[in-house]
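What follows is a pair of complexes built around subunit A, which joins subunit B in one and subunit C in the other.
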Partner chain A sequence: MWKTVVRRLLILIPQLIALSLIVFFLASLMPGDALRGQVEPGAPPGELMRLREEAGLLDPWYQQYTRWVSHIMRGDFGRSLQHRVAVTTVIGDSMMNTIRLSIMTTIFLYLIAIPLGLIAGRKNGKWIDKTILMYVFIFFSIPTIVLSLIMVLVFAFNLGWFPAMNSVNPVAAVAGGWTEFWSRMYHLILPSLTGALIGGVGVIYFLRNQVIDVQNADFITTARAKGTPEHRVYSHHVLRNALLPVAGGIGASIAAVFSGSFFIETIFSLNGMGTLFLSSVLGRDWPVAMALIMFYAITGVVSMLLADITIMLVDPRIRIK
Partner chain B sequence: MNEKVNHASAFRLMWHEIRNDWFALIGLFLFITIVLVVYIFGYFVIDEAAAGRLNMFTMNQSPRAGFPLGTDDLGRCMLRQLILAARNSLNIAFTVTLGGATIGIFIGLLMGFYGGHVDNVMMRIIGLWGMIPFLMLIIVIRTLIAPQTWWGFSFMMIGLGGFLMMSGMIRVMTLQQGRLDYVSASKTMGTPNVVIMVREVLPNLVSIITSGLTLALAGNIGLETGLTFLGFGLPPGTPSLGQHLGYARDSVVLQNRQWQWLPAAILVFVLMLCINFVGQALNRAADARKRTV
Partner chain C sequence: MTQEYLLQVRNLRTSFRIAGTYHAAVDGVNLDVSKNEVLALVGESGCGKSAMALSLTRLHNMNYTSIEGEIFFNGNDLLSMTLPELNKVRGGRIGMIFQDSLTAMNPLSRVGAQIEEVLTYHTQLSMSEKKERALELLNKVGIFNPALTYNQFPHELSGGMRQRAMIATAIACSPDLIIADEPTTALDVTIQAQILDLLDDLRMNTGGSMILITHDLGVVADIADRVAVMYAGQIVEIATVYDLFENPLHPYTRSLMHSMPSALSEEARLHTIQGIVPSLQNLPRTGCRFAERIPWHPATMHEAEPTYHEVTPGHFVLCNCYKTFNLGGA
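And now, the complex of A and B:
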């Protein structure tokens, strides 16, 4: 198995190099550079060129590229043009919000999806299964934007149960400690529930089919034949076998939530990485935007790899060639 | 493989699956109705210039006689705007889907049929493209080239990889078909490769292509609305479903002027639901194990 993992990692290397080249060229195509704004209005005419020379912007592209890559290797993504601090600082702040959101979403997702998937599979063909399938179908079709807007309208504005925007109450943020923590959690309920309702659809459908498959397996017939009570058949024999592959997918689903948060973060005005990306593109803050693209791409690839490894660990029958 | 030969044509199979599924039947009917209404009214009934004219006296009015869906912040009739918006969004969705599929089928057939270097290079590109977050890529490129019209936007989306999903799918299917006896038989008889690809392999992929098309259509409607909603799609002056949803980014509109965004939201949802119901039936038709015949 480790052979497979190592091979996958080796394939990653040329892909990452190609990706970094694409991102680098995209950045160099972008209009405007960082230095124009830093030149004092009264400075001599050659000042801008001198600054560019100093920053190495006049070097050949391959020198610029290798310098950029070697900086990234040391964790230095350059400075944000808008915020005038290191890119890593800017991203770090918003990353915490996105991580909180994706953890909450994943928790809600499995809280919703596991019971529904199990019930639908067990009552296969009954009305409750049909109802759950209907739910799956509706939430498979509804776009994240539409659901988020309706959630805000109904639960935040009309019913007033949850705050409509921001990631924390400013008063609570000053107080710090548990007050701040609970305020953050409270602000995250609605957005993460929205994400979970949509994201859970795939898990429900998968789990349902899984339960239906396992139900017909020989060892279940054996369990029934030796007189195991029906509820025990489900809780001990079906559940464990059906849940295994789902457990393997947790990593992948966290990553999916991570990358799909643009709309939810925008609509609920959470200061996450998605909104940071949008605002840095609008503000022509290319160092931040490029670092975010690289970050998202690498997270995506690594989490896919992790998901494959966990599935291999969980289910020894699967060996990816 | 030979015992269970199914002689029904792909389109007959698809129609059979749709006819026996109430949801798919209603979905198909509703979808066609919406598309017809939107195109007939959008192109022949509504005067676009007149509908887009600003009217200071009728700004932000709730639904009433004369304005069945109220008016927007420029005093224009929301119903007319909604139809124009749906027209533009559907134009984009259809163009990207069909354009992407045409290029995708072409490339996929070549990759699957010839294999070798073409296939290898294309697979590398597809793998690399799969790594880049697609939404972010479009947003960045969108700041370089800012398409002003629906077709400019469509071409941008096709060019940025709207064809890759279809080409990957067709490649796998062509690889499978290429190993079957009828292809070898045809090759021995000296049929030119182009004829084998287009007249013999392609018809066998019809059902998988149609089910892929429905999936892509729903995805492209979502992509346009999403990008325009975020402000990286069509320019602000062009009506589109995403632009209508974007009104709701203003919390005053979201809360108090629901007639300005809710109809568009419902329309997007209904379109998606219809497409997915039909798509599910087509999927069954494409998969021999799930067919009801």
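And now, the complex of A and C:
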């Protein structure tokens, strides 16, 4: 198994090289750069060109690329053109926010989706199944931005249960420790719930169909023929078999939430990676954008690897050689 | 209820819902199984054998199945029991063996755990006692290395081994009745004989009854005491093995036997029965159901409402057509 893990991580290297080359090349074709907006209106005419030359933006893209790679080899991701600080500093805060949001979203997502999917499948065709399907179809079609606004309106504005914005209470942030931790968790409930409500519908529908399939399997008849009580038929025999393919999807869904949701981050004013990525592309802040793309690529591959390992652990028929 | 019968099936009718209407796959079956008896249920695919076997312990998906009639097991009607009551009988008093052991075992559970599960529901044994019993059962069904198989998953075993493990599960609680639904159909011929011998030995040692469902008449002759021949949801003939092979009466029984390949036969071609078992929706519900597959036999020879005729004591045959039927047209 460890061989597989190492091999998969080694394959990641050529993948990253290819990806970065493509992105770098495409970026060179885009008009505009980050420096135009930073020149003082009264600056001498040559000032913009001087800044560009200083940042190395006038070199051909492949020279810029080799320079970028050689810096990364030394652990230097460069400086943000917009923010004029190290890329790692810019990304650091938003990455922590996104990771916290992703973990909360993933937890909520499966807490909601697994029971609902199971109930809908077991009560296939009954009113409770129809109600859950109604939820699935509504939340499948509702745009994230609309749901986010409804959530803010109802739970933050009208009911006042949760904060409407920011990732932490400033007072708590200064206090640090557990106070800060709980404040962060509290701020994340509404955005992560929003993400989970929308992200979970696919899992619910998939799991429901799995349960419907599995409950007609021969080994379920065998289980009943052994005198297995009905609740245990579901909790023991149906659940595990129906969850197998869902476990395979966990990797993909983790990768999806880690890339951040621009809409949720924007509406809840969370300084996350989705927002940062969009602003860095719009501002042509290539050092930041490139670092983010590399991060996404790595999380993507690692998530898939995690999914494979999960399936292997739960399904004895699959053993990766 | 008379005490000598273990199982008495009265007017059993199992219907499946197809496109909104119910069609009977088992259509008014009466059957008695005595203690220590092996009853074979024979017929082509689709004639209602398995539908009937699953009905006995209500294993059908009740969302689209209706089961009517009475099934007395040790004097209690299985069809009117509550599910918890029935669960005491399933696995405990009635053990089931299915055809395809690969799909009939939970792919995610170890063999040992699947045997122990049935012990959990029907005995008060502790964990270590259950393990001991499971190993003992695996040994009993002829598995060479019980300790190894105990920890294996179903897909790691061969078909014959899996079927042995299924048998171990079925006999774990020493049931009064074993229902074996084509237990050897999915196996190699060499393994088939071993599994049948094993089943028969185990049954004789524990003194239970068995309903053996098969389409293999050779199997029947080997281990059954009585044979019921099913066609289109009805039992068309029932007799002791000896009577049935010596004096098959119903046109269907005779056609079945005639279609058995024989090494002694000089003929190059195999015999077949014309046509196929009609599907549930197209099944004629009046008259002799086999009539359409023996078209050369005059229609006037069938009864309009077929009844059972007791030809010799214990040998029943449905419809009058057996008296004049000859295989000539086959």
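Basically, the second predicted complex is superposed on the first by the 232 of 321 C-alpha atoms of A that agree within 3 Å, B and C clash if a C-alpha of one lies under 4 Å from a C-alpha of the other, contacts with A are read in each partner's own complex, and residues count from 1 in each chain.
By our rule, a residue touches a chain if its C-beta (ideal position, glycine included) is under 8 Å from a C-beta of that chain, and two chains touch if they have at least 3 such contacts.
Only a predicted model underlies this, so the values are computations on that prediction, with no experimental measurement involved.
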{"item": "Partner chain in contact with A:Pro229 - subunit B first, subunit C second, else both or neither", "value": "second"}
{"item": "Comparison of subunit B and subunit C by subunit A residues contacted", "value": "B"}
{"item": "Contacts of A:Ile22 with subunit B and subunit C, given as first, second, both or neither", "value": "first"}
{"item": "First (subunit B), second (subunit C), both or neither touched by A:Gly300", "value": "first"}
{"item": "Contacts of A:Ile267 with subunit B and subunit C, given as first, second, both or neither", "value": "first"}
{"item": "Doubly contacted subunit A residues - partners subunit C and subunit B", "value": "none"}
{"item": "In the complex with subunit A, residue positions of subunit C that touch it", "value": "54, 57, 59, 61, 63, 83-84, 87-92, 95-96, 98, 100, 103-108, 117-118, 121-122, 153, 155, 166, 169"}
{"item": "Complex contact set, residues of subunit A against subunit C", "value": "125, 216-219, 221-230, 237, 240-241, 244, 314-317"}
{"item": "Subunit A to subunit B touching residues, read off their complex", "value": "15, 18-19, 22, 26, 29-31, 137-138, 140-146, 149-150, 152-153, 157, 164-165, 259, 262-263, 266-267, 277-278, 281-282, 284, 289, 292-293, 296-297, 300-301"}
{"item": "Subunit A-touching residues of subunit B, taken from the complex the two chains share", "value": "127-128, 131-133, 135-137, 139-141, 143-144, 218, 222, 225-226, 229-232, 245, 248-249, 251, 254-255, 258, 261, 265, 268-269, 272-273, 275-277, 280"}
